[in-house]
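Below is one structure; the comments refer to it alone.
Chain naming follows the written order as A, B, C, D, E and F, and within any one chain the residues start at number 1.
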Amino acid sequence: MLNKNIETFLGCDSNYQEAKAVVFGAPFDSTTSFRPGTRFASKTMRGDSDGLETYSPYQDKDLADINVFDGGDLELCFGDTKKALGQIEAFTAQILGDNKLPVMIGGEHLVTLGAVRAVFRKHPDLHVVHFDAHADLRDDYLGATLSHATVLHRVWDLVGDDRIFQFGIRSGDRSEFRWGKEHVVTRKFDFQGLEEVVEKLKGKPVYFTLDLDVLDPSVFPGTGTPEPGGVSFMQLLDAIRSVSRLSIVGCDINELSPVYDHSGVSTAVACKVLRELLLAVVK
Amino acid sequence: MLNKNIETFLGCDSNYQEAKAVVFGAPFDSTTSFRPGTRFASKTMRGDSDGLETYSPYQDKDLADINVFDGGDLELCFGDTKKALGQIEAFTAQILGDNKLPVMIGGEHLVTLGAVRAVFRKHPDLHVVHFDAHADLRDDYLGATLSHATVLHRVWDLVGDDRIFQFGIRSGDRSEFRWGKEHVVTRKFDFQGLEEVVEKLKGKPVYFTLDLDVLDPSVFPGTGTPEPGGVSFMQLLDAIRSVSRLSIVGCDINELSPVYDHSGVSTAVACKVLRELLLAVVK
Amino acid sequence: MLNKNIETFLGCDSNYQEAKAVVFGAPFDSTTSFRPGTRFASKTMRGDSDGLETYSPYQDKDLADINVFDGGDLELCFGDTKKALGQIEAFTAQILGDNKLPVMIGGEHLVTLGAVRAVFRKHPDLHVVHFDAHADLRDDYLGATLSHATVLHRVWDLVGDDRIFQFGIRSGDRSEFRWGKEHVVTRKFDFQGLEEVVEKLKGKPVYFTLDLDVLDPSVFPGTGTPEPGGVSFMQLLDAIRSVSRLSIVGCDINELSPVYDHSGVSTAVACKVLRELLLAVVK
Amino acid sequence: MLNKNIETFLGCDSNYQEAKAVVFGAPFDSTTSFRPGTRFASKTMRGDSDGLETYSPYQDKDLADINVFDGGDLELCFGDTKKALGQIEAFTAQILGDNKLPVMIGGEHLVTLGAVRAVFRKHPDLHVVHFDAHADLRDDYLGATLSHATVLHRVWDLVGDDRIFQFGIRSGDRSEFRWGKEHVVTRKFDFQGLEEVVEKLKGKPVYFTLDLDVLDPSVFPGTGTPEPGGVSFMQLLDAIRSVSRLSIVGCDINELSPVYDHSGVSTAVACKVLRELLLAVVK
Amino acid sequence: MLNKNIETFLGCDSNYQEAKAVVFGAPFDSTTSFRPGTRFASKTMRGDSDGLETYSPYQDKDLADINVFDGGDLELCFGDTKKALGQIEAFTAQILGDNKLPVMIGGEHLVTLGAVRAVFRKHPDLHVVHFDAHADLRDDYLGATLSHATVLHRVWDLVGDDRIFQFGIRSGDRSEFRWGKEHVVTRKFDFQGLEEVVEKLKGKPVYFTLDLDVLDPSVFPGTGTPEPGGVSFMQLLDAIRSVSRLSIVGCDINELSPVYDHSGVSTAVACKVLRELLLAVVK
Amino acid sequence: MLNKNIETFLGCDSNYQEAKAVVFGAPFDSTTSFRPGTRFASKTMRGDSDGLETYSPYQDKDLADINVFDGGDLELCFGDTKKALGQIEAFTAQILGDNKLPVMIGGEHLVTLGAVRAVFRKHPDLHVVHFDAHADLRDDYLGATLSHATVLHRVWDLVGDDRIFQFGIRSGDRSEFRWGKEHVVTRKFDFQGLEEVVEKLKGKPVYFTLDLDVLDPSVFPGTGTPEPGGVSFMQLLDAIRSVSRLSIVGCDINELSPVYDHSGVSTAVACKVLRELLLAVVK
């Protein structure tokens, strides 16, 4: 008697009931305006995570020691953005309802909105820490209000002023930066000031959204809109460990596009970032 | 005094007023469910059409002898399918209003719906000739009624029974084929029967939609959903020449995805097909 | 309560008990002498089979109507060929012991030996039908007797003279062809003579091994040793349907190397071939 | 005591003195106007010819039985076309002076001119058989008289009217085809009429130049200017065997561009074509 | 009434008359000795510059606020180096004659010679600032005096001793470095000493030539001769801003080869460098 | 009279007798468990080393001034690990017997074991300096004791405790790190402490094995198991120069996989590292 073929992200082989965190994929990129392909991120990461160890010499921790469940990928409707966001919100709400931590793999950055909606309903005092190359603060983009380029503005619609803290931002139009100055806290180019933010937000519920294009394209070429001048892998690991001192009530990593990752190096980076993130935030 | 840089598809350098046909790009692929990337087709074709001659030894005709205007690419809204289709419909209507032939470069196959809507308003007796690997006859796909997989069903909503003639179909689910048997004329695998259809439709207004994945993937690998077992390039050229004996009132080619065309061969095929199509239908 | 992420080849979602056939992967390519990478075939096929329909317009059959179980991939020892073959043999024997049909996805062609050993023990009167570009009849290769280049010679060690029927062969050294003339039946270049062989072998237990490089590299570039001059996709489908009239007691497809399949077209071909094979031989 | 590392095309390991034919590379592509890269053809072919057998089941002959010397690659001056052609001419003359057959691997098609100049000096009654997708009959191209697009016109300058026989031509501008009608024999699209030409040229000295883009791009994507609608691999093999019945006094294959051959299939085709060519013409 | 399709580099949509600077492409790489492909740089950059913002958070400036005209690509003669350089010189002279700043996109580095010749005629006191991985100081290369490897030596022929200032150089043969010591100022590996040079050259007319391979290949893999050990993107931005304090009378960026830029990251880098360069030098 | 085509790594054109060092390739990757392809490293490096200069501006030395012989590639048996290691050991022993320095190009890391066995027989007091991302200290891997993942454990079987000094290690399972603490000296992440080790080992015979994946994947993507977080190219050059102060009696570089190096940058890095290594250790 044999079992069906199960495929999970490295080391995320816990049962649902005993799991503290739930990893799942949100393969959606319909609003991506430049180069699509992030829909393949979660699937490719599961496959390539084989090449990784469960043990982290950075944190001296092992995925074998924590309980994470991999719920697979949502089957999202392409071309109907509202419906897709609704599916993400509902799934996240289910995980939260079972008192587990949702850890979403995008997809384009807009998927964050679905998850944040569910988390915000549970935690009305929600704060957001946002690593990204792009401000994503437009109010609309080519006429669409639901877009990868507007997602943090839509999150602001929910959480309001002074609740969003952005780091690593190095691209946007002039008006975004101006609007941002009045409504969110933006740190351009790197993670300077992160420690102060972490001190300030201690004890408050925090959603952490990590657009992997905050990394320099030399480290992470496989993304839709590469922006030279980003942070290094070691800088990102340090920043993740800082963030993990907060009360993370939901998180995601997004914008890996395997289509532009011919060498597989970007996927390897994304897998290691997810391993380190899980080891840091699942307690 | 220098002029701004103008970039057109090979030989399509007529002014708008004197043009008989208008080529334009509809770079949209938000509903693509498997592998996206057709948004880059028109742009890549313009660039690579340089490598082609304007003269066709197949038809002994030359693009230099006909007047075609290249209107560039529409700037379509990603993620909002209805809005994008509206933009395509409006632009097509403008071309038709000026009594020129619209020749659209997709994009995913759903863009055809926008163009057909405009053409149908002008020609209520419209018939449709459809070359494709896929039946595209679903009524909905993962809950979406506007999808690359439903586009011919949506066209049927407009034109009704026995107005759609499909050739080369070799993929679909069982229910699509069953539904199709009652409402459209489907020729599986190749172009057999095309001559009879051409005879029958003579004098009637015909929209011709050409999904390039009707070609075998050996000839045309650069597409979202490659389906082995397709027709050859020479078979397609012959079929286009047959179709050109009809009263074509609108046409498109679609589903080139340059992202999966590493050798550039698929783009070369698409360019040559467009050259042959223009030489055949612009009179 | 959620279930773990299950990933199977398209439509092969039966439980083990009710299954008539068992698909499994043998990701091994240690003896590949030119270009490795077939180890990734089964995994990539599972992922990309999403893009395919379960319904075949060629056979008017649907995978939804037959019971196939996907047992996942064996975890084989790289670099120790004997051990790996032993693992394959044991797993195949288990499937046969439960009276199910083993359908193996290679891997390099040597994996066939492991499966044939198990099948031969159950069916000592075993015959072998072999589609391939290469004769694979060497007695040793660079000193190794267990090699992708010797696998049919090793199979002959078991089954003996006049039990092996090769089709499509277009590469080998002169001595292989000479040796072959005395011990096996070889049809060079295509499938001519297959019908006679099928007639002759009716009722006898047959193992069917399909090296996908029998296809022309235009159709199937993603393989270790491409050999121009091969058969077309439609010729192969026809031949598979002929073979399916035999009493197939085991079968495999092998030598897809996704590493050399940048467009994904070879994987699409392999998936469709497997669908057609399953629909033809699982009764 | 060890020897330096020698690298030759498969089976071309004869010493110079005993060799009947000399293979050499002319890695030059400075005049290529669309996509360069043919400079890497000879080197890549030497490396990948490892994956091939010396034995041909098509001709039942073996490279082990004929004496061919591989002279390596000429070190040609990029950007100075005249100088490069001079180097090719001098090297070819040396081979001819030693009564051996020159077999050149291009490079772009212009390299043929260098070789033909040397051959023509030895054989003033020279005829030329030319397989190609492109007519290459322009008198100048963007102001250059020495260009891949003018090479057969330059050859005509030497040999004169009715000495050049072209097959497979499917691209050119209108004026080229018109000029060609008066000065050369052109067979469009395929090899029809080749047998008659072979009969006619029997006993006369013939230079055979084979632009590999005569093959369909599905078979041979790795070339600078792919032209859909070409011949198949088997058609080309047949045509080569026809040509080999002539008195070949020099030959070349050209226009493989490994840069656009991601799967390696085009290189495999080029290697096999060269093997078959050598087996056919070296007596 | 519609307009023809205009395609310019991001934000360079000024009319010629009101423009202060003219961007144009010099798609030439005939003398490239290792890996060609820079001919596609300007075209690819125009297409991909879509993915970029016009606003620079580094300089807090916006391309929307300056007037730059994009003159498209010169149609250069491949294979005739002298003629191509003449075309570049003539076009540059025209721009200078209209008192606009020429900003050329190569092509291989030799194109700089054409532009410098025109600029030098107008500014006989010309100095040259040169960022590069390669010294490019050979007197001839494989017999050619006009070559990417000799271009700065040719520039020295014009401007003479102590007028050329090189930074980032990390490759060359021994004799080049020796010759350089006596005739030019060379800073190996990085930009140390640039500030002093800027101070010294203040007020003098300066041509700035930027070979993008000065960047480390991790940042900029898409180039003909990658040289590990280069500068970072941020180091380059800083150096460009230093240089912009000089009286730049002409400039170019060169050596992007999109053929080797599968991920598109190198093109993204080149586009951003050009944006920053324009924002810094166009006043 | 012409000579056969000789192909060597850049500048390694000495005769065997006068050579002080012998470069050779060990193209073997049968035990690679994740992504194979290192078998192509030595061949690809020879070909691409053309693009490099023999002169090093880092060390102000020139390959033209030292005598290195390139012995080509061993023809190793794939799939029979023991036999392959025996071939490597025998060849290394021959070089050592002639009092020359063996410099091996892998292949996967396991090839080091073959070379170390020969060196250890000559130098029983052997110490090993090991740069790598991976500890490679497992005792067995999926049941195999001879594996890329166990190679340093097998080396320890020979040389014993406190003879192995590892640097740059950032991946392994927890038990490897624990075992390593008792038997070898491991420096995680970078080269800190290298100077002390060099001081300590002065005068002792040292084998230096350099797994190129110690470099960050941004610098060196073309490897089987990329591990983000590695050292920079300049850090590695510095470390090599430190190591070169020791009595190096054998060395290797390994784990370049050209299959995953689409841009060619990794091969360029490997070539330059080998040039610097040769210039540093051949005296």
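Here, a contact is a pair of C-beta atoms (placed from the backbone, for glycine too) under 8 Å apart; a residue touches a chain by one contact, two chains touch by 3 or more.
None of these values were measured; they are calculated from a predicted model.
Engineer: Which chains are in contact with both chain A and chain D?
Structural biologist: B, C, E, F
Engineer: Same residues or different residues: which describes how chain B and chain C meet, taking over half shared numbers as same?
Structural biologist: different
Engineer: Provide the C-alpha centroid distance between chain B and chain D, rounded to the nearest whole angstrom.
Structural biologist: The answer is 38 Å.
Engineer: Could you state the distance in Å from the CA-based centre of chain C to that of chain E?
Structural biologist: Roughly 55 Å separates the two chain centres.
Engineer: Compute the distance, rounded to whole Å, between the mean C-alpha positions of chain C and chain F.
Structural biologist: Result: the chain centres lie 38 Å from each other.
Engineer: Two or more other chains in contact with one residue: find those residues in chain E.
Structural biologist: If we look for residues of chain E contacting two or more partner chains, we find 35, 216, 218, 262.
Engineer: Name the touching chain pairs, please: which are they?
Structural biologist: Chain-chain contacts present: A-B, A-C, A-E, A-F, B-C, B-D, B-E, C-D, C-F, D-E, D-F, E-F.
Engineer: Quick one: which bits of chain F touch chain C in the complex? Just the residue numbers, please.
Structural biologist: These residues of chain F touch chain C: 29-33, 35-37, 39, 75-81, 83, 110, 142-144, 146-147, 259.
Engineer: Show me the residue ranges of chain C that touch chain B in the complex, using the header's touch definition.
Structural biologist: 50-55, 57-58, 62, 216, 218-219, 233-234, 237, 262-265, 268-269, 272
Engineer: State the interface residues of chain D toward chain B in the complex, per the touch definition above.
Structural biologist: It is residues 34-35, 169-174, 177, 188-189, 216-218, 221-222, 225-229, 260-262 of chain D that touch chain B.
Engineer: Touching residues of chain B toward chain E in the complex: what are they?
Structural biologist: 1-8, 13, 15-17, 22, 43, 46-47, 69-73
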